[in-house]
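One chain, chain A, appears in both complexes that follow, with chain B as partner in the first and chain C in the second.
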Partner chain A sequence: MSDAANQITLTIDGVEVSVAAGTTLLQAAEHAGVVVPHYCYHPGIPSRPAQCRMCLVEIEGQPKLQPSCVFPAGEGMVVHTTSEAAEKARQSVIEFLLLNHPLDCPICDAAGQCMLQDYAFETGQLRSRYAEAKMVLGRDRVADDILYFGDRCIVCTRCVRFMEDIAGDNALVVAQRGHKAYIDTFPGRDLDHAFRGNIVDVCPVGALVHEDFVFKARAWDMDAAPGICPGCSTGCNIEINVKENQVVRTKPRLNTEVNSYWMCDHGRRVLVMANRGVRAEAPMIRRAGELEPASWNEALAWVAEELGGSGGVAVASASVSNEALFYTRTLLNHLGIEGGTFEVEEGAEVTLAGFPKLKLRAERAPNATGAALHGYRRSEGLPEVVDGASLVVLGDALAEAPADYGANAGFFLYIGSHLPPAAGNATAILPAAAVPEMEGTFVNYEGRVQRFHRALRSPGVARPAWMFLSRLLEHLGEGTGVREIGDAFGVMAAGTEAMQGLTWGGLGLRGELLSEAGHPAVAAE
Partner chain B sequence: MTRPLHPAAASAQPFQVADLRPTERLFEDPEGQDRLEKVVSRYPEKRAALLPMLGYAQERNGWISDENMAEIAGALELTPAYVRSVATFYTMYNRHPVGRHLIQVCTCISCHLNEGQEVFEQFLSETGTRAGEISEDGRYTVIEAECLGACGFATAVQVNDRYFENVTPDKVPAILDELD
Partner chain C sequence: MPGEVRIVERPESESSYVRAISKGLGITFKHFMRADKPTQQYPDEKWELGPRWRGTHRMAVHEDGRAKCVGCGLCPTVCPVNCIKLIPAEDENGERYAAVYEIDEFRCIFCGYCQEVCPVEAIHLGVHYENAEYSRERWVYDLARLCENDHPVTALWDPADPSSE
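This part shows the complex of A and B:
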């Protein structure tokens, strides 16, 4: 980029920009702060058919308008994206696209996030000149969870090209031609690719819709927060869409180092399914043999008082944040409990052919690297609890445990967001916020520390585990309680060799790699 | 019972349903295998043989069934969906069974000015069919066609591989008589 010889200077809408040779006009326009309207162009899909004709711009000295998504920038070019000719061409494209469009925005899932709606509003005409009957295609199914609304489709072929270029499975095609063209699969052979859900994200209009999202939420009714997918150890960057404190959808968020523009269908379901389950809402302590609710102050003081320092076992989940793992580790050290184990569910690995770094990885937990880094040992099954010994459980490690697990423990401390049957044996339950309800970090398969943000409110008085554990440790005479996630991260980074030098602010939205010492291969030894 | 329409007549039919009538398998006899081998050997890549092989399917069965498309896809190492996209792109591939004589009447501008529409309607009434249907005796299917390239001899009518030129409505019965 810095090589001045390969730099091209041109003027776009009166703004002079300098870009690398080979840059297209559309990308160069972004440098000038101009977004050229487009449909078929998608930055993540390599093929550029230039077929939607939406991005036509006027270049001085060129007799005809040119598609800016493929036209390379040239030295000294003077480009107009909003000249009369360009505006007129765009208006015509919109008019053609709307000829057979049903204008069913009031019931369309894309309304509010629709490029056809946006551009029609921006450059289109107020009234249609089309008096004939509209062609009706109806609704079809292209996969067992994806619907196709043929009438809304503008045949930009982004979905077709995603399947061909990125997924490597040419199972979605344009059938028919001209005004009759629509997107279809071969009869009886619907899409079954593990990354097929991305065709919904690339669709610029409401033609492709996930069946488990259809008619569920309007774009403007949803809140969005950046998160990290908890589905596997890849740690795809995601956007969590929330309505009324329920996750209604997760979409990929661009991170060229991890997942590019994509994510898998397994990941899309994890957080939506996690809306269900029995949640821990208040601290519970066992007095006179019965678990009863208590206030945080009462519960923490009681636990600090009762918790013995006589050794025992610990189980953690690989789906909780680094901060929770770190503070639990400090607690275990205080109690004289060695090690601690975690178990990771395994599944089949699927690679995305067009972006091979992105896989649905066999390890179906987001933070196994983090758990190993904080001194927990990977194991299969739960550790044996010796009669009368202490047991500390962090996260959803007991979901599959027998109902009597931990009943023989001397002191059973359960720190988690959900209440599986075995949690009923606990001496004390400290309700933790689930991952989408708090801020924190995960470490992915390659040692990238990534931040996730808060998308939901916790039920009851559940709090992030690092927050109440730091206070519990303060009761036990270790350090002081922290209230801010940045401080918790700072304490952790200072106390963890591989995280030296990492700062909460420095992680940003891209994440940072661990130092050499924390590389998963080293940490696993 | 509604009979399936020819695609050219079925413009408003949503997501054409698959026609499940059986067709002969293409590559299970020496004739089909020979043809496949011969055509594939002409091109640097297998995909290029797609159009001729679709043509072969139509030559053999009169139309191209989904079953045949899947067979061709297997033989040419393509996805069935891709074969379908190509087969539906070209209007001259029949996606539904047609009568023994496929009568295509040009109604584009030159023919339209020379009673093309009337010729078309005359064919329909003489054969007792609606556009795209197969007649009761299985002999005829009548459809409108885009320009047949015989504007100097309007109205042009193509029956299978044979052209009839300067057709007027009164000549229609004679043409039908000529066909077996």
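This part shows the complex of A and C:
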């Protein structure tokens, strides 16, 4: 809480607000519910050159307009963001920015979420007064996977300053000066930073575009759902953009506790690539030696009947939700299977210099902490299956397994979204929804429990694993089946010591720390 | 309870069909003699359509035969009946183009919004009405078919009175 003595009261567009000393006018205006148009200012980038001149506001008693992104709020100030002088200045800035702009909105990937388009529309100047020929810069490739459309660029330098201030890599520079200025890589340098994709997100116009996304989808064609990046154990908060049930793009979603405004390029690719692979679409059970499809009711009843309690081994993936891990744990306890293992792929760690909490972590799975929490052991490779023993596989843990893995098991229960060759040995296959197709939670490296939402439809009759596992357990006489993720989470939180006191609704979009990690609100309960 | 049936005797002049037929044929023969015959000799003589007739689509093409469409996606967005399918892609010059462009003319209501919204004046309704096909599939016009069509394009509004006043 800020000290009352450090509070400043000022009036912005007739609204009186109190803000902490040192707050800029632009931020103070946000408190007053006024959005001051801006280009070069980005809340996540510390440097503020005040060069776009878009955020000029009129302050009573000041002879000239002032850039609100850097001008500190003062006691008793009276600020007008929409006065005649401010509007006129803004209109002139837009007119200058549009001088050489190609107005190619119909083919620009930013159309519909472009700040230049929005503000140009707002100022309402429908005709250009510029009669000369426009400058043509064409397109350039600033990185392996990022294209630069120089014509559209307004040289706000957000990308340059992201690389300098946040990534700590001066690979991008502004080349030339004045109206000839454009963005380029520094001579002899490549833009190959692991977090370079963020320059596309900070670009207020369509100048920087991911090559993967060029001409893929219009802004208004896509649906968006909040998710958690499954790329590593950081658990970046992301927005999943979906068109026709395919993930077309992932963007970072603000969570100051985890990833701020940023995410890495590895994470951007994971979900887009997950569109691929052979999916399990219907429950399959092995009758008379052949796997054949069955209805859910039939399959669950059959599995409950056939599953033996003779012990065995279990393998889980560290990329499935806590709820699935919890209900599988309950099933394993019922079957008398001890432990269970999970394997985590390791990669090189990369830190984002300007926000050191955010790393592309070596652990390339989103829920290794959750898997450990539910009693699975980290191990290298797959456990040996004793002839005739039970084998339970949860999630995509068999992608690299030899094709004959599990063939000698007495009962091989495969619960997963994709079908690797080894799944062909299963006694029963229960098709699970993949992570973007369901709601659930992950626990990240620091013990933060974070919710993800559903972005896609599942293929066939695949369902979230917690849903059918709870029904399978009901068949086996343990608990009752649950249909709502909130109930599943509640059952899990009640049955897991470190999650005591957590509620589905309480997690919200920011997540909560596990009680073991000493979160005060949770520890108090 | 059934009513009583009454049989009415009519005079010969009213009940004879000969008289009625000759009256009808009289009208027919009178039209044979007319100077301004309304009958159109259809396949030989074509109906003249107004300039604002809204018929099946055509796509404008560049001189080299490429479609003018840049794949911006505004026509499928504005289409009130979702009859346009568009998948944009990048060509060898890095330009955006329509890799797949199909219009389901069965579903189309010929409102003309696609023509009105097109930023490059590529898709047009046509002044055209002969649309008979042997199969339903042929009613989904693909890009090649739309480019082949060469009938006159529809004037969506009267140039002399653009705001229709």
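We adopt the following convention: the second predicted complex is superposed on the first by the 510 of 525 C-alpha atoms of A that agree within 3 Å, B and C clash if a C-alpha of one lies under 4 Å from a C-alpha of the other, contacts with A are read in each partner's own complex, and residues count from 1 in each chain.
Convention: a residue touches a chain if its C-beta (ideal position, glycine included) is under 8 Å from a C-beta of that chain, and two chains touch if they have at least 3 such contacts.
Predicted model, so just to flag it, every value in this text is computed and none were measured.
> Comparing chain B against chain C, which has contacts with more of the residues in chain A?
Comparing touch counts on chain A for chain B and chain C gives B.
> Using the touch definition from the top, say if A:P106 reaches chain B (first), chain C (second), both or neither.
In the superposition, A:P106 contacts chain C only.
> Quick check on the superposed pair: does A:W220 touch chain B, chain C, both, or neither? Answer first, second, both or neither.
In the superposition, A:W220 contacts chain C only.
> Using the superposition on A, tell me which residues of chain A are in contact with chain B and, in the other complex, with chain C.
No residue of chain A touches both chain B and chain C.
> What residues on chain A touch chain C, complex-wise?
Of all residues in chain A, those touching chain C are 106-107, 139, 214-216, 218, 220-221.
> Which positions of chain B touch chain A when the two form their complex?
Interface residues on the chain B side: 7, 11-12, 14-15, 18, 66, 69-70, 78-85, 88-89.
> Considering the complex alone, what residue numbers of chain A touch chain B?
135-138, 140, 150, 169-177, 180, 182, 184-189
> In the complex, go through chain C and note every residue touching chain A.
70-74, 77, 88-90, 94-96, 119-120
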